[in-house]
Amino acid sequence: MSDNLRGKERLDRQIIALRVAKEFQDGDVVNLGIGIPMLASNFVPAGREVVFHSENGVLGFGEVTLPGEGDLDIVNAGGQTVRPQPGMCFFGHDESFAIVRGGHLDISVMGAYQVSEKGDLANYMVPEREVGTIGGAMDLAQGARRLIIAMNHTTKEGEPRIVKKCSYLLTAPECVDLIVTDIAVIEVTDRGLVLKEVAPGWTPEEVQSMTEPTLIVDPECHDIELM
Amino acid sequence: MPINKIVASFDEAVADIEDGAVIMVGGFGTVVSTPSCLLEAVYRKGAKNLTTVSNSSGFGADIWRMQGAPFPEDMDILVRNERIKKAIVSAPVSALYVNNFEKLLRAGKVDIEMVPQGTLAERVRAAKAGLGGVYIPTGIGTVVEEGKEKKVIDGREYLLELPIKADFALIHAHKGDRWGNLVYRGTSRTFNPTMAGAARVTIAEVDEIVELGELDPECIVTPGVYVDRVVERPKVAPAQEGEITDTQALESTRRFREEVEAVKRTKERGGAQ
Amino acid sequence: MPINKIVASFDEAVADIEDGAVIMVGGFGTVVSTPSCLLEAVYRKGAKNLTTVSNSSGFGADIWRMQGAPFPEDMDILVRNERIKKAIVSAPVSALYVNNFEKLLRAGKVDIEMVPQGTLAERVRAAKAGLGGVYIPTGIGTVVEEGKEKKVIDGREYLLELPIKADFALIHAHKGDRWGNLVYRGTSRTFNPTMAGAARVTIAEVDEIVELGELDPECIVTPGVYVDRVVERPKVAPAQEGEITDTQALESTRRFREEVEAVKRTKERGGAQ
Amino acid sequence: MSDNLRGKERLDRQIIALRVAKEFQDGDVVNLGIGIPMLASNFVPAGREVVFHSENGVLGFGEVTLPGEGDLDIVNAGGQTVRPQPGMCFFGHDESFAIVRGGHLDISVMGAYQVSEKGDLANYMVPEREVGTIGGAMDLAQGARRLIIAMNHTTKEGEPRIVKKCSYLLTAPECVDLIVTDIAVIEVTDRGLVLKEVAPGWTPEEVQSMTEPTLIVDPECHDIELM
């Protein structure tokens, strides 16, 4: 990455979540992972009805609420209180993961450390920290019909997170369908990674320079819509 | 004689948990789903060299006191007092928070078997349902495969996962009766109903004991047949002493509040400017 | 657009069930637990060469009309009209009653795979929960072993039982909403919640459709995510025409009444005289 | 069987059920099979609290009620209406058989065609009828901690049902613990079948003459108590 890109403005976490939420179609059953993905429950496009699943045993909750507001017994997988909604229901962990593993989720959204050009996902174990947490990530990565990754395009040091081959331990092989980052939206296809959208002010070439595998630039590649 | 599974105190409820026991602990990551008073009693009892089966490994009481949870102890009470020999666990550490379990792990003071969360739930259920094992696709192509039998069924690869058997299951429910029937509250079911009945002895910590027949038979989540002992939390939680000193907890709560506020602002103005 | 799984008619609900489909049918032996109107619609639709997955194979409408059940058709409507090529079933016939399925079976007009009831439930659940198979001890030392992989785990023998996959699951619930959330009534849950979500398409026949939010989130048994279509029974059941002619049904009901009366007498006098 | 035994009075179905019910101890979780066993829910000894399980998904019901009385949605496994009781709860089939298979039942009571001296059970398939029904019998036979069989001691033709080796297809091998018939109570032990009780008016020798394997007569063998 060249120095002049280092200071260039990227999308913030809220806008990444907003962009992710545009993927949710009417009636989709969606699981949101800890971090950026969880914010997406607050950005469902107007007029669409989406059912959120959380692995702690709930379907159909609404927006994340402020700490101190809300009921501690109605939380998402990050332990954040969420707004109850009509149609919501609760269940235990065996049922919750029957839903995940059994293919009953339309979309899972997660964070990641690395995604490979084949769609391999590494998001649970950081070698430099020697420890990690599998949690529900492996189940969600292989169980959902469509897996969307929301993450920063590069590490703090500027190294690409979209790589030819993951150097971190895998969460699941060949599972990612779409990557939404702070500078791009990239689809994982059989032909390779297809660059669909770039953050305003960014060019495909600039995104490529921060991505290890070669990107196929979609002929209709356009700016990410921010609202 | 009427059936009566109600036990008078937490200490009595855990009196037969000996050193070296295998204990399942219900809940998720949040303390409100956790059998806090039973964990405190196990600590007081002094049982050590425990093998624990749980979703997570605790964050300590401070973070939950900040949230206003009246019973703030979680798995950390066994972790920080070094009572655990081996943890079978899905989410032992956190990306945002260095917990005491991580410190023990780095120091080589505890063994770990890390299990995908759904596989943990299914292995616990297998023990309860009398299954010899289940074939699960989760973990194929990862380190979770190691040492496990693989089988291709109907064109797809699966791992043979074995039941997790335990001596005790400590769970938390909202209400219970003298037969051991239980209901939960909101998202605090988590591993509690899954673990109920999966161990040799199941002990339920409840917010409230009610008369037999008060729980709606259509809404009972855990049939009493799975539960051996029921013990009620004090109606008035003990006062929490001292300042909240956990700077990580303070920091992560502050960060999250800022983030939700940022989300609200972003939404109000209809996206980025 | 609001999610709306509600379908206007039973015929519309089953319109895509084609010849040769594999259909799960919820319920136990009793008609009140059975999706009667859906079965009638499948019959009207004319689908044949079906593979059915169910606990039992039906007794015919007469025995249920005698009990006063407003919707009296059970699996027998598909059996007596010879729509079934193969039945995967636990309790196909009765010790006390010769049903139409038994006649077809003796005549070699239907294939059968008889499965222990708990194994049937677990195989259906395996399909719903994305498992490749489960090791079950039931049937060891019996004909159920035949053709199955055996494995010794932790000193005990188990059989490998595979998931049962189906195109459609027809189930009966008490109340449902437009998201497909369901509650049941009393002992009529049976295979209904187990089968919900286990097939490619799940169709729920409900006594009553209610507004979203009317079902208590703590008491919903089947999360809507498992259900694709919801269809409501008519509020007024169609009039049942004709005499009850099933002499077996009349006889078994009479015999049972006498038996319960004999039990009462025996009890009143404190045992045998 | 000699002709003079053929006409001798035997216990009726109600009394067999009454005798079976004496086995139920305080707090026992008990499943009652179709036929004679079901009647036992009406004969629980006074002062004892027993929890009845039925495979259609219920725990904690009370007495069988008359046809036409009771709620068709609250029935036992024979489809007979039963009285609701405080503490009762309902569940689906997967949970119901997790309870059975997982060893959560204290006692299962069933009918039988044949029981062998080793405690093998045959109760689902009658060769002369060519068809049979497994139902929950195999699960219950192997899952319950204690299996009690309630049946007539001989066939209608006078042939023993307690045999050296079952000629009918097995429901489960070596599973029966106690046999209660219309003339005797017999325990299955490692030493063989032990005759514990005989119907009033019957001698151990008479019971033996209607039983294929050799019975060990318990030194304390006594008359079955009928109340």
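The first chain written gets the first letter, and so on, giving A, B, C and D; residue counts start at 1 in each chain.
Keep in mind that, in the parts below, a residue touches a chain if its C-beta (ideal position, glycine included) is under 8 Å from a C-beta of that chain, and two chains touch if they have at least 3 such contacts.
Predicted, not measured: the structure shown is a model, and the values here were computed from it.
Student: Just to be sure I understand the contacts, which chains border both chain C and chain A?
Tutor: Where chain A and chain C share a partner, that partner set is B.
Student: Taking each chain's centre as the mean of its Cα atoms, which chain lies farthest from chain B?
Tutor: D
Student: Which whole number of Å gives the spacing of the CA centres of chain C and chain D?
Tutor: The separation of the two C-alpha centroids amounts to 26 Å.
Student: Would you mind pulling out the distance in Å between where the CA atoms of chain B average out and where those of chain C do?
Tutor: 36
Student: Which integer distance in Å separates the CA centroid of chain B from that of chain D?
Tutor: Each chain's C-alpha centroid was found; their separation is 40 Å.
Student: From the mean C-alpha coordinate of chain A to that of chain D, what's the distance rounded to whole Å?
Tutor: 58
Student: Residue numbers in chain A touching 2 or more other chains?
Tutor: Expected reply: 90-91, 97, 100-101, 143.
Student: What parts of chain C, by residue number, touch at least two of the other chains?
Tutor: 122, 125, 129-131, 136-137, 184-186, 217-218
Student: Pairs of chains that touch, anyone?
Tutor: A-B, A-C, B-C, B-D, C-D
Student: Inside the complex, what are the residues of chain A that reach chain C?
Tutor: 26-27, 29, 47-49, 51, 53, 59-60, 84-91, 95, 97-105, 143
Student: Note which residues of chain A are touching chain B in the complex, please.
Tutor: Against chain B, chain A makes touches at 11-15, 17-18, 34-35, 39, 42-43, 54-58, 64-68, 71-75, 77, 79-80, 90-94, 96-97, 100-101, 130-139, 142-143, 169-174, 225-227.
Student: Any idea which chain B residues touch chain A in the complex?
Tutor: Spelled out, the residues of chain B in touch with chain A are 28-30, 32-33, 55, 67-69, 90-95, 102, 105-106, 114-122, 124-125, 136-144, 184-194, 221, 253, 256-257, 259-264, 266-267, 270-272.
Student: For the complex, which residues does chain C have touching chain A?
Tutor: Answer in residue numbers: 1-3, 125, 127-131, 177, 179, 181, 197, 211-213, 215, 217-218, 220, 223-226.
Student: Quick one: which bits of chain C touch chain B in the complex? Just the residue numbers, please.
Tutor: Chain C reaches chain B through residues 122, 126, 129-137, 151, 153-154, 156, 158, 162, 183-186, 216-219.
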